[in-house]
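Okay, so chain A shows up in both of these, paired with chain B first and chain C after.
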Partner chain A sequence: MGDTSTILIEVFLETIGFWWVIVPTIFLGLIVGGIPGFSAANTIIILMPLTLAMELQTGLIFMVSLYCAARMGAGIPAILVNIPGTAGAAATPLDGYPMTKQGRGQQALAISFVASSLGGLLTTLIALAAMPLLARVGFYMHSVEMIVIMLFGISLIASIAAQDMVKGLIAGFFGLMLGAIGADVVYATPRGTMGFLELYDGVPLIPALVGLFAVSEAFIIIEKRVILTEEGQAAMENPTWSATFEGVRETFKRWAHIVWTSLIGLVIGVIPGAGASIASFVAYQQSRTFSKTPEKYGTGHIEGLIAPEAANNGVTSGTLVPLLVLGIPGGATAAIMLVVMQFHGVSFGPSLFQQEPKVGYGMFMAMAVAYFIMILTILPLSRYMSRVTTVPTIYLAPMIISFTLVGAFVPREYMFDIYLALAFGVIGYIARRTGYHVAAILIGVILGPLLETYFLRALKKSEGDISVLFSSTLGNILWVALIVSLVLPLVFDRNRKKKAMVIQ
Partner chain B sequence: MSLDPKEPPRHLGGELVIPVMAVIFTLYYFTTIWNSPWTAQVSAFAIGGILLFVCALFFIKMVGYLQRGEGRLTFGNLFSYEDIRSGRIGLLITTVGFCVLIGDLGFTLTTFLFLWLSMAILGKFKRLGLITLTATLMSLGGWAVFIWAFETRFPRGWFENTMRMVLSNG
Partner chain C sequence: MKTTTSITRRTLLGTGAAASALTLATPSLLRAQSYPDGNIEVYIPTREGGGADRNFRAFSSIWKEKLGTDFEPGFYPGASGRVGYEIYMGKAEPNAYSLIFGNMGPEVLNWAVQEPKFDINDYFYFGRVDTDPCCVFVGAESPLQSIEQIVEEGKKRTLTVGTSRMAHPASIGILALGEETGAKFNLIPLSGGKNTVAGAVTGEVDFSVLTSGSVIAAGDSVKTVLIFGENRVGEALDNAVSINDAYGMNLPEMLSARAFGIHRAAAEEFPDRLDILQSTFDQTFEDPGLMEAYVASGGTPEYLNKGGVDECAQFVKDMLELGARYKPLLTGA
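For the complex of A and B:
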């Protein structure tokens, strides 16, 4: 214990000494995270030669800082212009964008920054302390348990559908059907591909995200001179530091909410194959379920913004746990880190912490320091970033369309993906104009294929016996938790209505 | 007759577009898996079945609205004179043009043309100087950051290739 503490202090001091790497990397990460298609993973791949040329410690600090900052950066356009930078930030605009339209963009950014940093910092420290225990979570999560976790995320469709149940369900299930496009996972039979070879791998996520959120939004915002409401414009005319501090204060008041939702992110992040998109939807759904004011969600509610932001940053530390302890990368960025570490001859598994403890602990410490420095460096920027909302839409809309459509091209380099993003843009525009929620469609596109994969895996293992879904203890506990989380809001809602009637 | 005379009737035609698309796509999807192994069918039939059921409920609901006079089979919420006045149709045409041309002209040139034309249409061809400056700065800035500095694999064309040769020859 004494040795570990000494190593941790040493590593902390060494990492702080790398501020000259961390600070510019944070700004790079914020930019690449904010543009759809330019994920941290892509940027690290592009800069791989540079990373390999660096010393191991410098390279790891660079990658970890970029990863954390990109995760946070994805929330900035989600809040300001309703365009999530990555699928992990797809739940952020649900409450972040309404806040911006009300002229509270500065507060929303401050809330997002503080919730992300605190969520990331807290889960990093927890992961550091509970690494051996957390590493076992991945072992217990089999296909059945994963199905229930996916259903937690998908049940958000029901929450979104609360405004108009039938329309919400149509949007969600239409998304699930679109998500089912592609070759089936067992016999590679092409399904619903309309003859396009480019769809055999399924619907690529970035074009779907770009189309549903960015392109459709650009076509909507041109109706007004600026994206703000009249009150929002008045509020944004004289931005003050007090708005930033108000956001910080409001976030700190909800510290328990940050702890709870970032822990959801941490646990989901530990599971290989799960990720920030699932974590943020699950956290949002759970936050709404147990809220005393669920009706405020979707209207610019602070807790609705804190939940996905804390959760998707909780995922960042979670993905490092299986990577370092088991050598199993929890996501694309972690997989690239694995390659770089292997290039430098670092071994994984429990031996890592015995042979090279500074590398193992150093990655978590780099994450903690990056989050700490991020609060100090980017919080002051919220005042200036929120000015984006005052840019006239005649300039903003074409910029959104051109830079996001080309972002759809980057991951696979298919021109087809640009056309696909445009097609999703048309679907998103029709959906927005006729009262269907684009987030419900996107949840389906993201979670549909994953759900099918785990469902088939479970059925294959049980030779088609559907009762396999209720065959594991952990799975059954999760089923009960799912049912409770769906039923409880109805009970709470009924009690609230009863109380309101008694008061009247 | 509409129940509330103050409330305008709903444009049910527009509201039906997404469900109709969903039904057509689901039926098409079913045709592609009809003779497939059960592993390719099970999930799609379950999800598609629920989707068709929910859409059927929605269609019944719509018929009710029509019978009560609360809505009409119009598309006013999707297409209106506002689309022409606001330049939305123009923006759609330039966006399609952007998608078609970017493969041949490359990122920088296409982005400049798209930004200039779209901003000019949306701004009703006023303040063309500012629009030209914005389009130039944004497209060149995009080229400098993404293609020159980070070598991101954007579509390349005449401008990118010329700049690459100019820069590589000092």
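For the complex of A and C:
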């Protein structure tokens, strides 16, 4: 223990000394995270020759800082202009964008920055302390358990559909059907691809994401002068620092919410193959389920913004655990980190912390320091970033469309993806104009294929025996928890109505 | 002696016509002799940053010096490599200025289980870069720690086997072992190498099969127990034995084998260009810088392994035959 403490202090001091790497990387990460289609993973790939040329410690600090900042950066356009840059930020605009429209963009950004940083910092410290324990999570969360976790996220469709159940469920099922397009995960038989090779791997997420949210939003806002409501315009005319501090204060008041939802992210993040999109939807769903004011979600509710942001940054630290302890990269960025570490001759798995403890602890320390520096460096930016919402829509809408179309193109570099984003934009526009919730469609598109993957895998393992779904103790506990979380809101709702009647 | 030359109108016109014809013909004559006079596009049917990308960059960094031109990679991932091949065969000009860099193992098996839109004889591989044998491995905490234990257990109950995808040489290898020993194996496709490693380590499946390069990279989280080919790296793969030695079988090596391919039409129309590609490919292997670049890109030195048209054709033939033989098991038909 004494040795470990000495190493940790040593590594902490060394990492702080790399502030000259961390600070510029944070800004780079915010930019690449904020541009749809770009991400920490593809930026690290592009900069791979540079990363390999760096010393191991410098390279790792660079990659980790970029990873954290990009995750946070993805929330900025999601909040300000309804463009989630990655699937992990898909739940962020549900409450972030309504806040912006109300003229509370500055507060929303401050909330997002603080929730992300605190969530990331907290989960990094927990991961550092409980690494061996957390690494075991993957040993228990297999396909059956993951089916239930997916259902937690998908059940959000029902919550979203609460206002108009039929339309909500139609939108959700439509999303699930879109999610079923592509080759099946077992025998690679193409389904519903309409002959398009580009759809063999399923509906690509970024074009669907930017099309449904951003392009359709651009079609809508072009009908107005600015994206802000009248009250929002009044609030944004004289932006002051106090709005930023208000956001910070509101977030700190909800510290318990940050702890709870970032832990959801951490636990989902340590499961190999799971990711930020699952975590943010599950955290949002859980946050809403246990809220005293569930009806406020989707209208610019602070908890609705904190939950996905804290959770997706919890995932960031979680993905490092299986990478370092088991040698299994939890996501695309972690996989690239593995390549760089291998290039420098670092071996993985249980022996890493015996042979190269400084590398193992150093990555978590880099993450903690990056999150800490991020709070200090990017919070002041919220005041200036939020000004984008005052740009007249005749300029903003074309900018959104061109940015998002480039973003749709970047991940695979197919022209097809640009057309697809436009098609999703039209679908999103029609859905909004006819009262169907685009978020319900999107949840189906994002989580549907993941649910199918785990479901088919479980069935393949059991050779078609459906009872496999109830074959594990942990799985059964999760089933009960799922049922409870679906029933509880109904009970709470009934109690609230009863109380209201008594008061009347 | 004094000589005079008189220029007549006929001479002038004749010389002019000849000069014009020579001027017009020069570009094509020069192009034939100076191939390549532009960059070579390389279609890679997997994602940027993956193993094929790293392998390609290492090889092309030396090859471009021999060929005297740059390579421009384009990444076309999707459907286990099918998308990249379809785009190469459907859209790339067959002029030897566009090549494909693929993995002959899993990608050729694709054609055996699901025919592509193009005729698979319309392209061929002319230069193999490396061969990475597939292997059987278990998680460090698995109760099964040897191939004997796996086979014994497989005779008592059906074991779940993680594989990157159904149509993969490693899948064929384990099915062949099952046929030989009577052990029962249920292939579970886990979508990619890292998930396949994770499946074995976390106990999602009883054990996994994969290309050995990825297994070496997983470090001591896993233990290799059998190779579907020759163990060229010894300790790095836990001194695991070959399937043919262990069970007296005659299975061809189940390999991941990355190679450059070209349109057959391009080779037939421009045989001189193919010659240049092949000779410079061979020269690349003679350059000691290649090994350095290959190792720097994360490659296992023992797996750098040159192969020409004949070796590639034989490999493709073996894969297609094995794919056809095991098609019902790989497709669930």
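Heads up, the rule we're going with is that the second predicted complex is superposed on the first by the 504 of 504 C-alpha atoms of A that agree within 3 Å, B and C clash if a C-alpha of one lies under 4 Å from a C-alpha of the other, contacts with A are read in each partner's own complex, and residues count from 1 in each chain.
By our rule, a contact is a pair of C-beta atoms (placed from the backbone, for glycine too) under 8 Å apart; a residue touches a chain by one contact, two chains touch by 3 or more.
Note that this is a predicted model, so its numbers are computed, not measured.
S.K.: Quick one: on chain A, after the overlay, do chain B and chain C clash, or do they fit? Just give me the call.
M.R.: Partners fit side by side after overlay.
S.K.: What is the contact status of A:E413 with respect to chain B (first) and chain C (second): first, second, both, or neither?
M.R.: both
S.K.: Under the stated touch criterion, which partner chain does A:I264 make contact with: chain B (first), chain C (second), both, or neither?
M.R.: A:I264 sits against neither chain B nor chain C.
S.K.: With the C-alpha centre of chain A at the apex, what angle separates the C-alpha centres of chain B and chain C, reported to the nearest 10°?
M.R.: Placing chain A at the corner, the angle measures out to 80 degrees.
S.K.: Considering only the touch criterion stated at the top, classify A:K460 as touching first (chain B), second (chain C), both, or neither.
M.R.: A:K460 contacts both chain B and chain C.
S.K.: Contacts for A:I328 in the overlay, against chain B (first) and chain C (second): which applies, first, second, both or neither?
M.R.: Touch partner of A:I328: chain C, not chain B.
S.K.: Contacts for A:V186 in the overlay, against chain B (first) and chain C (second): which applies, first, second, both or neither?
M.R.: In the superposition, A:V186 touches chain B and chain C alike.
S.K.: Given the touch rule stated above, what does A:A214 touch, chain B (first), chain C (second), both, or neither?
M.R.: neither
S.K.: Once the two complexes are aligned on chain A, which partner has more residues of chain A within touching range, chain B or chain C?
M.R.: Partner with more touched residues of chain A: B.
S.K.: Once the two complexes are aligned on their shared chain, state how close chain B comes to chain C by Cα atoms, in whole Å.
M.R.: After superposing on chain A, chain B and chain C come no closer than 7 Å at C-alpha.
S.K.: Just to be sure I follow: which residues of chain A are touched by chain B in one complex and then by chain C in the other one?
M.R.: Comparing the two interfaces on chain A, one with chain B and one with chain C, the shared residues are 185-187, 189-190, 413, 460.
S.K.: What residues of chain C sit close enough to touch chain A in their complex?
M.R.: 48-49, 54, 74-75, 77-80, 82-83, 86-87, 113-114, 140-141, 158, 160, 165-167, 186, 188-191, 194-195, 197-198, 201-205, 217-222, 296, 298, 330-332
S.K.: Quick one: which bits of chain B touch chain A in the complex? Just the residue numbers, please.
M.R.: 11, 14-15, 17-19, 21-22, 25-26, 28-29, 32-33, 36-40, 42-44, 47-48, 50-51, 54-55, 57-58, 61, 77-78, 82, 86-88, 91-92, 94-96, 98-99, 102-103, 107, 111, 114-115, 118-119, 122-123, 134, 138, 142, 150-155
S.K.: Residue numbers of chain A touching chain C in their complex, please.
M.R.: These residues of chain A touch chain C: 41-42, 45, 48, 52, 138-139, 142-143, 183, 185-190, 197-198, 200-201, 272-273, 322, 326-329, 335-336, 338-339, 342-343, 347-352, 412-413, 453, 457, 460-461, 463.
S.K.: Which bits of chain A are touching chain B when the two form their complex?
M.R.: On the chain A side, the touching residues are 38, 43, 46-47, 166-167, 169-171, 173-174, 176-178, 180-181, 184-187, 189-194, 215, 218-219, 222-223, 393-395, 397-399, 401-403, 405-406, 409-410, 413, 415, 418-419, 422, 425, 427, 430-431, 433-436, 448, 451-452, 455-456, 459-460, 464.
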